[in-house]
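Structure below; questions to follow.
Each chain carries a letter (A, B, C and D) given by its place in the written order, and its residues are counted from 1.
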Amino acid sequence: MECISNQELEQLIDEVRPYSQYGKLVDYIPALKEENSEDLSVSIFHVNGTFFYAGDYLKKFTLQSISKVITLALVLIQNGEEAVFERVGMEPTGDPFNSIAKLETLKPAKPLNPMINAGALAVTNMIQGKDVDEKWDRLLSFVRELVNDDQVSYNERVAKSEYDTANLNRALCYFMKQHEVIEGNIEDLLFLYTKQCAIEMNCSDLARIGAVFAANGVDPVTGRVLIPSHIARICKTFMVTCGMYNASGEFAIKVGIPAKSGVSGGIMGAVPHKCGIGIFGPALDEKGNSVAGVKLLEKMSQIYGWSIF
Amino acid sequence: MECISNQELEQLIDEVRPYSQYGKLVDYIPALKEENSEDLSVSIFHVNGTFFYAGDYLKKFTLQSISKVITLALVLIQNGEEAVFERVGMEPTGDPFNSIAKLETLKPAKPLNPMINAGALAVTNMIQGKDVDEKWDRLLSFVRELVNDDQVSYNERVAKSEYDTANLNRALCYFMKQHEVIEGNIEDLLFLYTKQCAIEMNCSDLARIGAVFAANGVDPVTGRVLIPSHIARICKTFMVTCGMYNASGEFAIKVGIPAKSGVSGGIMGAVPHKCGIGIFGPALDEKGNSVAGVKLLEKMSQIYGWSIF
Amino acid sequence: MECISNQELEQLIDEVRPYSQYGKLVDYIPALKEENSEDLSVSIFHVNGTFFYAGDYLKKFTLQSISKVITLALVLIQNGEEAVFERVGMEPTGDPFNSIAKLETLKPAKPLNPMINAGALAVTNMIQGKDVDEKWDRLLSFVRELVNDDQVSYNERVAKSEYDTANLNRALCYFMKQHEVIEGNIEDLLFLYTKQCAIEMNCSDLARIGAVFAANGVDPVTGRVLIPSHIARICKTFMVTCGMYNASGEFAIKVGIPAKSGVSGGIMGAVPHKCGIGIFGPALDEKGNSVAGVKLLEKMSQIYGWSIF
Amino acid sequence: MECISNQELEQLIDEVRPYSQYGKLVDYIPALKEENSEDLSVSIFHVNGTFFYAGDYLKKFTLQSISKVITLALVLIQNGEEAVFERVGMEPTGDPFNSIAKLETLKPAKPLNPMINAGALAVTNMIQGKDVDEKWDRLLSFVRELVNDDQVSYNERVAKSEYDTANLNRALCYFMKQHEVIEGNIEDLLFLYTKQCAIEMNCSDLARIGAVFAANGVDPVTGRVLIPSHIARICKTFMVTCGMYNASGEFAIKVGIPAKSGVSGGIMGAVPHKCGIGIFGPALDEKGNSVAGVKLLEKMSQIYGWSIF
């Protein structure tokens, strides 16, 4: 079965919206504390180009950790698998996304995967460009291409707020610099990374990006190849094994689709060969995932038969 | 594309057999040290009932960790998801399969998932039965049903060898008993667990079990439901997120199918809606997976388009 | 200045007794839950043979972890330093006394010191004797010699209670057996260890043992050498660096004398060249030390100038 | 027995000098790689003012971790015990001196003691002064007062070399800043800390500082109180429980005196009521202590009866 109307989605979000009350807004990024915890919007973008939405689907939010998948795709395109996986591993971890302890235990001190902060910082460190501005331009161009919208940009206030409070990420960076996993100026890297996290769009834009991954890298409207298929597949694999923070395993069991969440409350889903999904619901569970968003995906996965297992 | 002849498979195993030289036999289970490290056999069992094989497909081997998936299915059938996941988690871990350290950190001291030893012991502890014999009978009956062969049994010598050297598993058990994750007599549990690990079959038998999981629990020949579909799906999910020890993430990227390996050199694959796979190749890589077996699955996945991502 | 009367001590314990209300009885050893948390007794035994006491100084209690120092002395006498420190380290640890996680990290899996449970079990495992009974006889003889009292024995009910609930210690033992740090039958070892912990005496007896350590191994009354001086010194060193659980560092700063506590509420002190101290006060702080006992030692150390620093 | 001539010391260093060949120069601080690994010098400064020396006793070296004790004394004088121990603990640790993992486990993220890098950075962060220059002036004045020499200063080249490569310390700082254990500008702190570590003197100067600690804070020549006695005692206690890196426990057993080492190869000893000791021998064992220096202290402790146990 397939979603065929906005009404269907409207009904679904009405059903799951009450779950928002069990979550709360992220508290460690000052600029994100001001969201309305009842907000909920969703969009589905099929690989055939049709799309549906519900809720305030024009409401913008920042990508936060969702951006890790996109940067990974770009960096794999630019550097190749071998170079990337020399610096960051492929294995899920039972530790929190911002943990530093495991890095000290591992020899070499290589982050376990690109979805935890250490790994994502190492990935962003590999974006090519002669300086931080050129690196940013390449990333932003790539995002705009995926969304097919030249207006997509980032939220300066959120970026600044995160940059100013990024001491844990600073600690991760200097630790990895010591162990030669990352290189160059750390403040530049954090500046780039916090801008990346602050890239802003609405759930329809996000669904469109998800659709590119779902279609193995092909733009569902123009038919252009934006991401080589094997790289799109790698990204979807990471979304399954470590896309939903420390609840990735449970999400794989209950929902069963590649997805990546961010502490802004966004979730990007990519159902292979079928559709991309964009969700925004800022009330988070204790693992950092949108409470209502996860519930919505669980329902949609059952109704539309999305599980890959 | 689909495998349509034994010759195809024979050719494939000839191609990958040389990789065996980069691996070595498991060394900590005395009875398994005597295998021939060049051995390699494979079988594919399609959900429509057709099957193919290559190599010494009648050669028997013990399931070892592969048995964890089967016991999990049985215990989920007997106790329901809620009861099972109260005692064992759903999350992958970056730690080794036999690690005890994480248990001490976690509150409660619940094993992260049923594929690491701690979790598997907790699962075996939930097999129902009035005593250890009845529990064993139920497990063996279930395995025989899956294979559709009443002669399947276990290797007594291997079981004894593992029981006698199971001190790490004893440590895990007593630690979990202290924290009330498991209950009852520990020696009984280890006796049952080591018999479970020593269940013996050939790669064709194993492929047939894989096919039941691939077909969402339906016997591909008789059409009978042996495992409820939602439970078959849970098992396949664990096979993806944590089925290949500490190389599960890499395997998901390179092969992309649900699979579970054992230190005997066996691998069971389950390609959703398509086929089950059984492989035996006792030369292991440093993570504990069959070197040639993993290489073979990588090739087959590419040729037959098996990746779920 | 030196203590010269029982009255002095009576006054001191009256002053510190109220601190007992901030502590509580140990809760994980069933047989120890029945003590009176207001109890407080103390004895000082000078190396010249004079002694003083206050409170119910005939009240018996079990040694628990205090026994670790005595067994260490015996095992060093029997096996020599080299053999002992091949199996157990000399370094303090920041981890809890019953932790297993560090053992997994260390290569080899050698307990950091003989005062944590893992190390103490490894030490007890080295008591010489053809069987567990002979080992026990030797330990008990040694204790009786130190106390100079043939009636000293152990509390059977406490020993049994601890044996029955010793699953964490079982886990430690099997882990160390796997790594060849300990050898032989584990249940025998735990039987011996729990008897050792249940050795029972009053605070005057304990002060007398402390005095032997204070006098570098010489019996303060008979003048006999019960412990070679270099071994007595080793024991006192461990008492300073790791004798008071995870509060050893703070105790060294605030009190500054070699001391070993047990979860029964006992503390044995050994002020080099001056005196031994025995204290019983079963209300424990969160680290497992007698609240009133620690306070009392702090006061006595100031008044009598006991700090070794 | 007491040292009464330079000849005695000359003979002792001739005996232990060969041990230098089992050690090697520190390798992670570029500017320290150029020392002569055969160097060995020693000085003893008795609390009565007499002093003896041997070897190239005018050869200067940087204090490195030895400076941690001096800064701790200053900061305790300036801020009081309560304020200091709110930010840094009193317990020894089994982890390496530069480890960050334990900080993540502890709640709050308070360094276990002031002798590991995390704790020392937190201590330096508490030096009072309106800016980094004033803080440095106060520290340097304090050091000059202890040595009674206004010419004592720091090695700029070593300080710069350490500052430039201080990425692990940066990681520790940002981690602690995140957890509000330290405050203010991190680069300023590291600038101050690396100057502190690069304070330079010879072994006679160092012995004189040790003598102040040995004499409970009193200058052995002028009789002035430079450090309140309870603070001198606290410092000596930390020297025993955690002054010799991860070999503090072994050193306490084999030598038994308060001592602090640095990776430059310096060791400062403080034998309560007797003397201070300064040693320089840049060939280090694997724990980071001067090989010949430790051996020398072991011999001297036996000959002169220095053990406090």
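Basically, a residue touches a chain if its C-beta (ideal position, glycine included) is under 8 Å from a C-beta of that chain, and two chains touch if they have at least 3 such contacts.
The shown structure was predicted, so the numbers you read here are calculated from the model rather than taken from an experiment.
Minimum number of contact steps separating chain A from chain D: 1.
Rounded to whole angstrom units, the spacing between the C-alpha centres of chain B and chain D is 55. Centre-to-centre, using mean CA coordinates, chain C is 32 Å away from chain D. In this assembly, the C-alpha centroid of chain B lies 48 Å from the C-alpha centroid of chain C.
Shared contact sites, meaning residues of chain A that touch two or more other chains, fall at 105. The touch graph of the protein chains shown is a ring with every node of degree two.
Chain pairs recorded as touching, per the definition above, are A-B, A-D, B-C, C-D. Put simply, chain B touches chain C in their complex at residues 99-101, 104-105, 167-168, 170-175, 177-178. Interface residues of chain A, counted against chain B in their complex, comprise 89-95, 102, 112-113, 233-234, 236-238, 240-242, 246-250, 252-253, 256, 258, 272, 307-309.
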